[in-house]
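Each chain carries a letter (A, B, C, D, E and F) given by its place in the written order, and its residues are counted from 1.
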């Protein structure tokens, strides 16, 4: 049991890599991301008409990055190189970490991935909302170049969770105000070398 | 709703003051403490024979420091000066922060304080376990002088949550091994000036 | 004697909480605040026509946060919850810390609080000036969202210390220039839930 | 050209993940690792009897982590989950990053991987030496629990680069002295859940 | 040999002082500056028509701050007080550090200083380019007040290395865009007290 | 006046370089060193039989590093290269910084340097005591390899300030206890290449 706790403790040490790439000083940890996702999901749930299984919601939110204990937080720009196997790797890592201690989390992660239940949609909506609110706080506090996150705010999908959409609208507006007309240059984020072997 | 989320976001910025006092570089935040308390409570719950209301357990763990958003994390050494009013201040602050957004958390905090239900005892046992495991990790990693926490490990009370007691025993042993025979000098932590007006 | 020194050493570890709340990375410590208050008071004193007792001025400046050794730096937003007892707590803590080692500081802290002597007004004017110059430096360096401090600069009271007023005018102007027209949103700083029991 | 420079600049932001996992505060960056690998290779080369192509050696050392710009530094514990595709992903990422700007680095990385030339063996020996000297410095400075690195020092392979072996012997001895008899507990580093699908 | 490596390891600990003065949180280290200078020199060299001795170029770039191991990175504002003896001190320090281990670096540093060979000009152009690109990244990421570096970009001298000039033109433009119309106040950077003994 | 304040503000940004070299994470700033020197001098003065001019004592303590605003904190290992001109450079820098604002500090710095008055000896004794107590705190908190400071404690000279000697004796003892029998290897700190031109 302590082994598993100690592994999950690692999440408090791992910086969210996107903020590192954006030059944010002292960025949030993966555990902070999970904590706030849970808090946001809880708050959103209060505004829903449907009943939700709160134990499930909070467990999903808290454990949804468990695979990062062993794989760390990979940046978006890694996507073209890892997308094929990343999900399988995460699933296996999660299984190894929780083995014999908290295995009932595994089906919850699967449920979250499938986005069919209200709980899954709520947590997913909360997770994405956490990301754009974090971007808004960083823009407000001049921490890093987070102009790229305008796009995340713009394409935010509330997955039918209405209060999430309402909050996201305010966040989008405020983020825009804080960023002002700063130029956005995709410095080092993407290059499209069309190479035969990536096809 | 966003106001409340933004206030709770503050927890990711507040360092746990005990570790600051102990000279731990880059100490965990209050949000990390809450995140791990929730994780530990979840894991311990898997080993209990009694059924527990997991939504309640995780909500208690996640929100139990909500008052610190406005009061910050006060160190133990403040206790003689603030103990009379601290709890009332926390209660009021929690009420103001959650007002109109997540007020159903308030009775959970009261329940946790009373330590009568299994959920309350579980979260409390998890919280104290989080503290001594954090001490153990810091001792392991040579971060700060945490020799004072030997005492916390020694007097750990599992509140009847048997798996918590079992883990705490291992933690106590390992903490002792990592600290070795380092001298413990209560440098600046306590002084007992008996002054008329403190009585 | 070493106990007292070691306690006061704690001031070098405590971050000024206002800057933490404002998202300033690597904010100044309480000791930095005291150091600069002393430096500023010294410089202002050179421009005064009245003679000042410099030993008293510098001692006041250096020791004026001594209570924070045990109580830490509480944020403004704690004010509604702690204002009634905070001053008494600080006085007691200061007494315990300096007991038998530097008790002659205690009447100086009292004198500073009463703002009657020129030395007290000078140190108080210097302290507030330190706060708005720090805000100006942070605005200049893009560290955190310190737009709230526009208000501190606007309502600066030099307490009759003319050179302080002159410097504050420049600081106010520069702070305004650095902040530009950034929106100020009191994110998480205040909420006015009128609750019966706070009255 | 600036795009490529800006991407490689990312290496100065990426922490070496092994030290993060080990709880080292303010750990070295990937760029520091590359810088020191180059420095060490240069110094070792002075002691070799064979002539080496120094331009090749230093270029290999400086660019050998180029793929991490997009993939970041993956920890050892990720190995069971990523080993099959990691090398291919790195190769592709390196190609995309250096495309049209410094493509002549690519065959050097291939050469380094094959360990056939003296230059390749020298850089590889320097890289591993950098890791164990870093561990020694951290042990000396009490930064993190690096007891795991005793094993890296023990199994150090100089690949025939004699001066590297000589330095490694001293490093191994000093590392042992600094670590003393600290217990080594593989906290969170490995678990052997034999699962059908990992075979 | 290990002594020399350990001394050069110090470069990874030394912050570039100019960024400290500019209020940049978590600024780059001297080793990062050297690493990027080498990387940039390598990239620029690919675009040159003349052949260059790459071993020499990279060694110059990597070792050009070796004297700072003992003298640290002195800020520009120290110049009036130290300029007479600084170069001699650096030369001596470099000699002591590399003594008996990598003395063939010393003539390279002399060559770099004289700026006569293409290798020397290339590394010097790369070094200055590293400084203004770093300023551009910091401006982009809102880290510190780097408005002073507009001047560095404006007076950039490519020393005949044409691709360096081309990149510098883009950097200058982008730096200007990121800085916008922020006021530049030479806060604390220079004062011209004409004193007899400085003449 | 604000220019001078802003320059002195720089002292809060400058790390004490000795601790950087020793691998101390988040080391104290120059301003922290000055603050504690002043505090210690104040406390020691309470135990002296002789009267002291406290305004002078505290001003000396607060301003004694003023030259570092422009020269930064040079490490011990720079001594062989800079000792001839360092003092003159500091004097000139101090004069430029304080010019027209607080010039009456200059004779105090001279007085402190001459060590003739009780105030000068008191501040000097306090400054050295600050250094060894800082070393003791770092040893206690496992921050960096400060074993070198055993020597500073051993050769501490109280300059006739008896209470300083008494405290230093306790510090020396505790420092020894915290360091235990850790090996001391002068890694990178000194090398005695006897070179003709250093004579």
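Keep in mind that, in the parts below, a residue touches a chain if its C-beta (ideal position, glycine included) is under 8 Å from a C-beta of that chain, and two chains touch if they have at least 3 such contacts.
Since the structure is predicted, the reported quantities are computational estimates derived from the model, not experimental observations.
Minimum number of contact steps separating subunit A from subunit C: 1. Contacts with subunit A and subunit F are shared by B, C, D, E.
Annotation: the subunit A:subunit E pair of sequence copies touches via predominantly different residues, less than half of the used numbers being shared. For this pair, subunit B with subunit E, the centres built from the Cα atoms lie 47 Å apart. Each chain gets one centre point, the mean of its Cα atoms, and the points for subunit B and subunit D are 39 Å apart. Distance from the subunit E centre to the subunit F centre is 29 Å, each centre being the mean of its Cα atoms. Chain contacts: subunit A has residues 6, 9, 23, 25-26, 137, 142-143, 187 touching two or more partner chains. The complete set of chain-chain contacts reads A-B, A-C, A-D, A-E, B-C, B-D, B-F, C-E, C-F, D-E, D-F, E-F. By the touch rule above, subunit C contacts subunit B in their complex via residues 3, 6-7, 9-10, 13-15, 17, 20-21, 23, 69-72, 74-75, 77-78, 80-82, 84-85, 89, 92-93, 95-97, 99-100, 187-188, 191, 193, 195, 197-198. Those residues of subunit C that touch subunit A in the complex are listed here as 22-26, 142-145, 182-183, 185, 187. Subunit E contributes residues 1-2, 4-6, 8-9, 11-12, 28-29, 31-32, 34-36, 38-40, 42-44, 46-47, 53-59, 62-63, 101-102, 104, 133, 137, 163, 166-167, 170-171 to its touches with subunit D in the complex. On the subunit A side of its complex with subunit C, the touching residues are 25-26, 137, 140-143, 174, 177-178.
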